[in-house]
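Please go over the structures that come below.
Two complexes, one shared chain (chain A), two partners (chain B, chain C).
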Partner chain A sequence: MTPLLTVHDLTMRFGGVTALQAVAFTVQQASITALIGPNGAGKTTVFNCVTGFYKATTGTICLHDPQTGTGDIDLLEMLGESFRLSDFWRPRTLSRRLFFKLFGGPHRVNRAGVARTFQNIRLFDELTVMENLLVAQQAQVHGGLLAGLLQTAHFRRKEQEAVVRATEWLRFFDLLGEANRLAGTLPYGYQRRLEMARALCTRPRLLCLDEPAAGLNPNETQALSQLILALRDRFGLTVLLIEHDMGLVMDISDHLVVLDHGEVIAQGKPAAIQQDARVLAAYLGTGEP
Partner chain B sequence: MMGTDWRAAFRVGGVALLLFTPLTGLVLAGYQLEWHWQRPLWLAGGFGLGYGLLRLVWRRWLSGAHAFGQRAAAGSTTDPARHRPLWIGLALGVALLLPFFLDKYGINVATLALIYILLGLGLNIVVGLAGLLDLGFVAFYAVGAYTYAFGYHYFGLSFWLALPLGGLLAACFGMMLGFPVLRLHGDYLAIVTLGFGEIIRLILNNWVSLTGGPNGVSVVFPTFFGLEFNRRAKQGGVPLHEFLGIDYSANQRAVFLYLLLLAVVLVMVYVVVRLKRMPIGRAWEALRENEIACRSLGINHVTVKLSAFGLGALVGGMGGVFFAASQGFVNPTSFTFFESAHILAIVVLGGMGSTTGVVVAALLLTVVPEMLRDFADYRVLFVGVAMVLMMIWRPRGLRQRRRPVFQVEPSPQPAFVNPVKKRLRGPGGGHPPQWGFGGKAPNNPPNNRSDP
Partner chain C sequence: MDITIFGQQCVNGLVLGSTYGLIAVGYTMVYGIIGMINFAHGEIYMISAYLTAIFLALFTTVGIHSLPVVLLGVLVLTMLFTALYGWSVERIAYRPLRHSNRLAPLISAIGISLILQNYIRISQGARNQGVPPVLEGVFRLPPDSLDHRFVQITYLQSLIVVVALVSMAILTWIIQHTALGRACRATQQDRIMANLLGVNTDRIISTVFVMGAAMAAVAGFLVTLNYGSFDFYIGFLMGIKAFTAAVLGGIGSLPGAMLGGVVLGLAESFFAGFVNSDYKDVFAFSLLILFLIFRPSGFLGVPEVEKV
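Here is the complex of A and B:
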């Protein structure tokens, strides 16, 4: 097993509130890792740090490249770190920092291969389903302005490729019949699937799902678990998910990370986690000491 | 659907007949009643027919949502409105021939209408597509106009150079405005842009040594490949009418400017229509819908916002150059906040993001006030009433933006039930889609653990 994502010593403070305290875990390549914990444990904060929406106070988040082995990608660096005094006699570091200060942000993290969905669905409501998926492929199809205006052969081929890729994902999520509907008019369950399809259109290596089963009925949840397994088994995709539905989590995940009060209290195989005394205490409370 | 239309028309005719029979059929002449039985019949017939036609027109062309539903059902890639090329051709023909049937005043009004179309198209990019409420759009209009004025005044710049330069300079100003307001939304953004527009106007008004202040700057009329439009050319030049061997007419220069502007407007309409179907246009709309989702999809919101401000300002700046050329003179009173509000009204009335809507609204809001010169005092009232009526009947503008329709082949079987067993098959062949991450997928059997 090779690790894809390593989170080390991740601490996040909002003013005086410490939301995360030295969180550390690894996500293995082509595995399903679940992040669980009671409400307010800091699961979504971890997600926001990993996907670049929060800038972690300290710590490292590294995306490894097991295929080429060219080295690790520092996801925190992409958000634009503050300058340090030592930078001024190291022009390379300084220029990198300056570059990411100007052009960095969550979008860079996505381009590095981390895609995410949101707890409260964030679709482009006034755009059609197909357009939602085309927007996600922006970074890949982006041709020149002139090429698009003149509709060059290259531009049309790129657009066609994007439509074909989007069609494949729509087929996978059984949304093909809705391709030309406005995303905002879709039923809730469809919207959940569309958001996953949209995240996948960015061609990620790591897919982060924030409560994908929230609001789904048992049948839909069952189908969803099949889908997530298919993503891992067929496409070799790595999935990191937050979920409250313990049935789903225990069914599909290879590795569990349990958070409570911003700290990792346990991690391991689902069977082991079910027996863990600290996890039981966090979820169910402890008896009188 | 036709049947219901005509039945409703018949009902309206019936009601009209009931009403008009006593009102117009019976006429008191002296001490006796005269019976005019044709009158109510004609009136009722007219009302019924008119109502029916109006309903038909409404259903066919004006109701955007309806058309969209039909198209989505048909699932065609091409535009379903078969009458569209006909309409566009007709409008083009009228636009081309119009200046030859109008007097100078008429041509000037038409030119002004075209300038407002240009401005509307520019603001439509910023407000309609990118969703950035800009109340200071007139600043870019002023930048364009003054680029031509200063360029001519200080550097002897010709119209043909000033046109692209004015656009580019306005685009630069657009991006300059864009940078500080990157984090602002909605009301806050509106206030800042409003301030920006006023700053530009106040600078033009008060920096008298450079701009001439309220006295303004005069502008030379464009030439046609060096040929002038005057009765007598300046030293060494040849006036156009001598070159072509035709009689001089004061209309020639107005017609020329009109046709030139028409060409630019057509190019810009094409550009905007294309932009909406290009990645950049989709990114603008996505940004309007949800900025956070945009960032999570690898879209740099900074460049997307700046490009919207820049391109919108570019179109506005070109409108400004044309305004300066048509007036022959610019001064700051042409660039007040009212102008910004007017352009915004065009975009809102036309329908956010709809090109056709903006064109129609620009024509309406420019030509109708000119035609109703006698009621000039009620002009703003007219706009206000139009807005209120629109809020009631068409809250999304005259013309709702239509979404492009993509052709996808229908799914042969529901894949969601058990996607693991289903094979992916692309329209182009039997290959599964190529993902960037690749890697060998481990074939673990699904874990079947029991619930805790």
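Here is the complex of A and C:
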């Protein structure tokens, strides 16, 4: 087992509120890890920090390169951290910070290999299904103004590849017939699947799903769990998911991380978590002492 | 009502409206993507007029006299350099304020437009500048009219309408059919989501400013050739007029900007031709006020749903 993502000492404060307190966990390569916990435990905040949507207050979020085992990517650095006094006698650190201050942002986190979906669907409603998937591949197409204007051969080939990849994911999610509909006009269940397809089009190594089963009926949830398992088994993808449907979570996940009040209270295999006293207390409440 | 005067005002209005439309595109695209009014856009147009004159002089000095080469060369160079100004304005005045409240970039816009005006006033002088006529000649309709009953269209006027239509068509094509345009539309709908999908939204916003400035440069080039004279202050009035056109068409809508420009141009020329030419600006701005009160979403804009 090799780790793909290591979160260490992650703390997130909003003014005086500490949403996350020294959260630490690892996600193994080609595994399904579920993040669970009662409402307000900070699950989505962890997601937002990992995907670059929020800039964490302190801590490290590290994406490992499985091919070489070295060359870890610091996802927090990419968002542009503020300068520290010690940087001024370390020119390398200083120049890296300056670079990410100027050119950093969530798009770099995505390009490093982290993609996500949202709990409340955020598709581009006024774009067609196909266009939604093509936008996600913008970084790979390199669509500069001049290349697009002149329709260079290189640009056309890249664009063609993007369409092929989009078509493959549409087929996987059984959306091929809807390719030319506006995303906003799709039924809810389709929109959920399209959002996953769009995240996958960015060619992530880590796919973060925020409540993928929310609002789905039992049959759809069953189909979804098959899809997520297929992502792991057929494509070797690593999935990190937040989910309230405990049936789904216990069925498919290899590893569970339980959060409560912004702290990790337990982690381990599903069977072990189901027996954990602190987890039961967090979910069901404690009795009289 | 004299039919030839009516026809003549139609022609004048269409020509004026095309230039309004070209500038309005810059307002509407920037509003669409970051929801702010770029009040420095008029100054970008003013700078393009100066650049046109500078490049015309340059071509003459070098000794290139072939008219199509000069016109095309000056147009391309003006667009490039004006685009550079547009890019710099965004980079210096707006990007650092991206995450502050909505008023900050507005004040910054007013500041940058004062800076640009005075930069031109100091570097180029406050006096009226001009370019010699480069393209002369007229069409007359009907061609063999002996009295004064004819509609006159200069070659330049027809050039203005044609160039404006062609550049609008190219811009629409870019937005609708290229990867860049797709990213622009995605960024317009949900900037954060586009960013999370690996789109460098800062670069997309810069590109929008560049495209807006290039369109303003087309207008500056055409108007300078047509009227021949300009000063450092022309950007203000033209900017407000083009803003009016963008509001009329529905701000945020690309075809709306062109439609609004033509409607405003026609309305203004008919007012000048049949009512009073001294009050044509008053009339144009009355239209702006009426639209802002009664139909703020313009002709083609979608009324904003009040989110509670």
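In this section, the second predicted complex is superposed on the first by the 286 of 289 C-alpha atoms of A that agree within 3 Å, B and C clash if a C-alpha of one lies under 4 Å from a C-alpha of the other, contacts with A are read in each partner's own complex, and residues count from 1 in each chain.
We adopt the following convention: a contact is a pair of C-beta atoms (placed from the backbone, for glycine too) under 8 Å apart; a residue touches a chain by one contact, two chains touch by 3 or more.
Quantities reported herein were computed from a predicted structural model and do not represent experimental measurements.
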(message) Let's test your reading of the overlay: on chain A, do chain B and chain C clash or fit side by side?
(response) clash
(request) Would you check which partner chain A:His107 touches, where first means chain B only, second means chain C only, and both and neither mean what they say? (result) both
(request) Could you tell me if A:Ala22 is touching chain B, chain C, both of them or neither one (first, second, both, neither)? (result) neither
(request) Quick one: classify A:Glu126 as touching chain B (first), chain C (second), both or neither. (result) both
(message) One more residue to check, A:Arg205. First (chain B), second (chain C), both or neither?
(response) first
(request) Check whether A:Arg234 is in contact with chain B, with chain C, with both or with neither, and answer first, second, both or neither. (result) first
(message) By the touch definition at the top of the document, which applies to A:Val163: first (chain B), second (chain C), both, or neither?
(response) first
(request) Have a look at where A:Thr51 lands relative to chain B and chain C in the superposition and call it first, second, both or neither. (result) both
(message) If you tally the residues of chain A touched by each partner, is the higher count for chain B or for chain C?
(response) B
(message) Touch test for A:Leu94: chain B only (first), chain C only (second), both, or neither?
(response) neither
(request) Could you tell me which stretches of chain A are touched by chain B in one complex and by chain C in the other? (result) 51-53, 105-107, 110-111, 115-116, 118, 122, 124-127, 131-132, 134-136, 138-139, 141, 143, 145, 148-149, 198-199, 202
(request) Enumerate the contact residues on chain A facing chain B in the complex. (result) 29-30, 51-53, 66-67, 103, 105-108, 110-111, 113, 115-116, 118, 122-128, 130-132, 134-136, 138-139, 141-143, 145, 148-149, 151, 163-165, 167-174, 176-177, 179-182, 193, 198-199, 202-205, 223, 226-227, 229-230, 232-237, 246-247, 250-252, 254, 270-271, 274
(request) Going by the contact rule at the top, pick out the chain A residues touching chain C in the complex. (result) 51-53, 105-107, 109-111, 115-116, 118, 122, 124-127, 131-132, 134-136, 138-139, 141, 143-145, 148-149, 155, 159, 198-199, 202
(request) Enumerate the contact residues on chain C facing chain A in the complex. (result) 174, 178-183, 185-186, 189-190, 192-202, 207, 210-211
(message) Going by the contact rule set out above, which residues of chain B touch chain A in the complex?
(response) 72, 75, 271, 274-275, 278-280, 282-283, 285-286, 288-290, 292-302, 403-406, 408-411, 414-420, 424-428, 432-433, 435-444, 446-452
